[in-house]
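Here chain A shows up in two complexes: once beside chain B, once beside chain C.
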Partner chain A sequence: MKVSGLLLERLSPQEQRRLRTDRLMALFLRTCAGIAVLPVVALTVYVALRGIPALSPTFFLNSPADTEPGILNAILGSLQLTAVAILFTGPIGIAAGVYLSEYASRRVSSAGTMMIDVLLGTPSIIAGLVVFLVAVPFLGFSAWAGVLALSVLMLPVVMRTTQEVIRLVPIGVREASLALGVPVWKTTLYITCRTALSGLLTGLVLAISRGLGETAPLLLTARGTSAMNLFDFGTTINAMPMAVYEYSNTSSALLKEQAWGTALVLLVIALTLNVLVRSRTINSRVA
Partner chain B sequence: MTQNEGTRLGQGRLSLADPIFRLLLGAAVILAGLLLATLIVSLIGYSMPLWTVENPLHFITSDVWSGLSQAPDGSTVGGFGAAGMIFGTVVTSIIAILFAAPVGIFAAVYLVEFAPKRLATLLTFLVELIAAIPSVVIGLWAVGDLSLRLRDSVEWWVASSIGKIIPWLSEDPAAPAASSVFRAGLVLGMMILPMVVAVSREVIRSVPQSLREGYVGMGATRWETIRHVILPTAKVGIAGAVLLALGRAIGETIAVTMVIGNASRIPGSLFQSGQTIASKIAGSIAETGTPEELGSLAALGLALFLITLGLSLAVRFITRRSVVGANS
Partner chain C sequence: MLQLTDVTAYYGDFRAVRDVNLIVPPQQVTALIGPSGCGKSTMLRSINRMHETIPGATITGSIMLDGVNIYADNIDAVRVRRAIGMVFQKPNPFPTMSIRENVASGLRLAGTLAKSEIEGVVEHSLKQAALWEEVKEKLDQPGTSLSGGQQQRLCIARAIAVKPAVLLMDEPCSALDPIATLKIEELIRSLREEYTIVIVTHNMQQASRVSDSTAFFTMGDDRAGYLVEHGETRQIFTAPKESLTEGYIAGRFG
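Coming up: the complex of A and B.
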């Protein structure tokens, strides 16, 4: 809506005022968009600047107990916790999501959707607290307890994504399969789920991304440790977010630096998974 | 039986495999339902022991959280007053919304109505990236960088002008607090911003193009269209976006724990340390042993859960009644 100077002079004072307001507000809206982008840019730059000096081969390959300490125990801990949690929540979440969008009656489906909403809105600290109250007395502070807490948070993510991508599969695809005499369950498994496969994978990646980033529920359950824990799920285990939190509270300059390094690693993982999900969702428009 | 072999086999599969498959999927839904039920029941159950030593009214009005101990004369003294945490949760959430709602809504308007397509894609990507960053990373950045900048700029500026008159905006200039409620609120605001932008963007986008065209066709400027057509139409959906973000702000734990300072009394000023319900739970696990202490944490958890539950139900209720909001 460009108005040349010549034209502007022909406008009445009232119209000129309206145009000025319009330009001023356009500038205001642009400023708001700028402010909205500012934090993520500032954060990324700052964490990168502080984190890069900590990165070295020993940082990734050594444990805290070694002479040149590293965060290998936290890296492996995060991987183990998230891997086991997705083994539980992946199949269960996909099954529940498929049921809700393919088989459930309208009523059950709407109740299920509401249940997912509530679970998704539950603060992560609540998941940690409940596992701490209910399961820790039996399991102790342990990797199993951590897996449970992460599962509570990852399950609704898988369910929601599954529910949405299954809905996108055109009804005709199912009908064609059923008309050929394929049983309903085979149609669901080999036709509907197959068509939505890349969307289902997106759900798993989103859940993994959530699991890798959670701190508070793990502090209450897996507790963290400076020792290396490989596949001993009965004892405490460390994870990268917990390492960032613990190291940021210490007075040791070396550990503080490692906190920034670990934060940078987490940031890079989060950004990579985010980009991965985005490129996938663009490719997977099944409809 | 007059049916041929093929049909009978087909029916055999239909009558057995299908119900089993259906049952398996249904069991997964039931499992998820049980999970939610466990959350609610265990929070209620474990908070019971607290109510034998603490009265609910005192729990939400007192800000002295001292735990129970034996006085010299043998009686039990002390109590669990959660008013400090409730105050911290409410105030940080209000600050967060005051920052995130206007910035987020107007940024969303810019993205939909003004920004060229390429730029809009880039900006949306960047804004929504914050939601993907683990909150401990945001917390570390807030402690190491942002918090200090805020203390030396906005906080100092407010405290040394208006703060001289209004006590709850004051600050000791010689010894500014290492952490403050205000800073925690602003960090929260940044964390919920992507949610406000994302949902508002969807809602504004779904305002019918014909409404815009009709108004512009009568000679309205872009801003007038936004103010008189787009925002009023999208109002309900945007309210839903803000409530959704509020729920997120109330439950956020680790970044707040790192910035707020974890002092359980109600602070005299926004620029002093405080505590939220979530940060209290995260911080006091190590010091719990007795059923009453566990009960106090369960009660805090229950309060938090009920607030977020109420908000998500409110969002459902509000958006269901609006045509525009229902699409989001």
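Coming up: the complex of A and C.
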């Protein structure tokens, strides 16, 4: 009798005030979230609006030097640079990450983690500057120099992600393998890494995502070119972010439009890679 | 036959269990019982050299398996673990492998058996672990798709697939429901004929049901565990020689 009376009673002025505050708070937070999302939405919509007119078959299939210019050399350049960079940084980064989280002593591990943090936080132009000062005198403005600059930026991404996902492998899985009489290196390679495989691949995708989007370091190392460069890593090569930078600085209306088109292509690639990473993270057990 | 002589186990400087002298009879089930924290699991993990996988953990004394000191300098810990298998408290099948791959994992990674023979061993091990009937139609399903009790039997199948001489079991039933527990206890009794089994258990009734000989540990004032008494299970539970043992059996502490 008493409890139902309590439940059916009308709200006191205190309770009414509390309810109003609740609703105001929810409204405030929702507004903040909307403001936060606004730039991303605005950016995507604007780039899409300005970039879509530039898209055409010739845009994708021609190079800047052709009569009807396109960005094929930039697309292929970006792909080559990032592919070679991940070929180096992938295995080395995963191996280093595995070492730091599985084999290293606590002191070495924390020192290594700190160094990765520093590398991760390095502004990309500094990476480009260092390669420019140290390697370009020997390599010249070339795709090799560009790969080097990108590797400096991509390596810590792979290492950090590897560390995190290896750490997430439950210790019981390792112990089960060791208790079977499996040697430590085989346990690490065939059991621990296999369990974390999904996460290791995520690290690679994140690194690729970073490599495709970097502009400043490439301006100082790979330089960019209007010619097609296929597999000649000893000379300058074009890349999509550089194309955006250069075309937006010209006075040609056509090139400016192509800058927007390239920006749109980059945005779509970035979004796709991001969605890919998130879908893997949500579905799998270990990052 | 397994013989522990003056075994003391350390975690760094901390002495966890001291001066253990114990003979584990072959083809029998030996239970290690005692209150929490008195070093039973530490002792068990010393037998298959898993104790040393923890940084800073060491032991002194000797553990002889068929006359060979497994801690000798020229003995490879990996070989020891192939001869002495272990089943853990929380079932830990490899998450990325199917049931078949789980059972075969020890053979593939630690052994040198031909591929054609592995399939036969998988079936034999699952039958020995009393799991074959339940999984024979779904051997390619992930190992983690089984229930807790089934996963533990899968882990047992995986451990016995490599044909160890000794099987160590660290509270294998504490994460399982009573029915699964009974199944595993039956399994342990049937495995006795082929393997020497050492089982750590918190459950006294389980020890009296399952084991042939029992060793009772307790913690001393210096926070180090020690072996109080060991002998035939029936004798320990009906006529213990030490008063401490009697106290634990009667439920007065622990």
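Everything that follows uses one rule, which is that the second predicted complex is superposed on the first by the 257 of 287 C-alpha atoms of A that agree within 3 Å, B and C clash if a C-alpha of one lies under 4 Å from a C-alpha of the other, contacts with A are read in each partner's own complex, and residues count from 1 in each chain.
Simple rule for what comes next: contacts are C-beta pairs under 8 Å (C-beta built on N, C-alpha and C of every residue); 3 or more make two chains touch, one makes a residue touch a chain.
Because the structure is a prediction, the values reported are computed rather than measured.
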| item | value |
| --- | --- |
| First (chain B), second (chain C), both or neither touched by A:Arg50 | first |
| Chain B versus chain C as contact partner of A:Pro123, first or second or both or neither | first |
| Contacts of A:Val173 with chain B and chain C, given as first, second, both or neither | second |
| Touching partner for A:Thr215 - first (chain B), second (chain C), both, neither | first |
| First, second, both or neither for A:Pro183, with chain B first and chain C second | both |
| Touching partner for A:Ile191 - first (chain B), second (chain C), both, neither | second |
| Which of chain B and chain C A:Leu255 touches, first, second, both or neither | neither |
| Which partner, chain B or chain C, touches more chain A residues | B |
| Shared contact residues on chain A - chain B and chain C | 181, 183-184 |
| Touching residues on chain A, where the partner in the complex is chain B | 1, 18-19, 21-22, 25-26, 28-30, 32-33, 35-37, 39-43, 46-47, 50, 91-93, 95-96, 98-100, 102-104, 108, 112, 114-119, 121-130, 132-134, 152, 155-156, 159, 181, 183-185, 188-189, 209, 212-216, 219-220, 241, 244-245, 248, 259-260, 263, 266-267, 270-271, 273-274, 278 |
| In the complex with chain A, residue positions of chain C that touch it | 48, 50, 53, 55, 78-83, 85-86, 88, 90, 92-96, 105-106, 109-110, 155, 158-159, 162 |
| Residues of chain B that touch chain A when the two form their complex | 10, 13-14, 17-18, 20-22, 24-29, 31-33, 35-36, 38-39, 42-43, 46, 102-104, 106-107, 109-111, 113-115, 123, 125-127, 129-130, 132-141, 143-146, 190, 193, 197, 221-224, 226, 244, 247-248, 250-254, 257-258, 278, 281-282, 285, 294, 297-298, 301, 304-305, 308-309, 311-312, 316 |
| Complex contacts: residues of chain A adjacent to chain C | 105, 170, 172-173, 175-184, 186-187, 190-191, 194-195, 197, 285 |
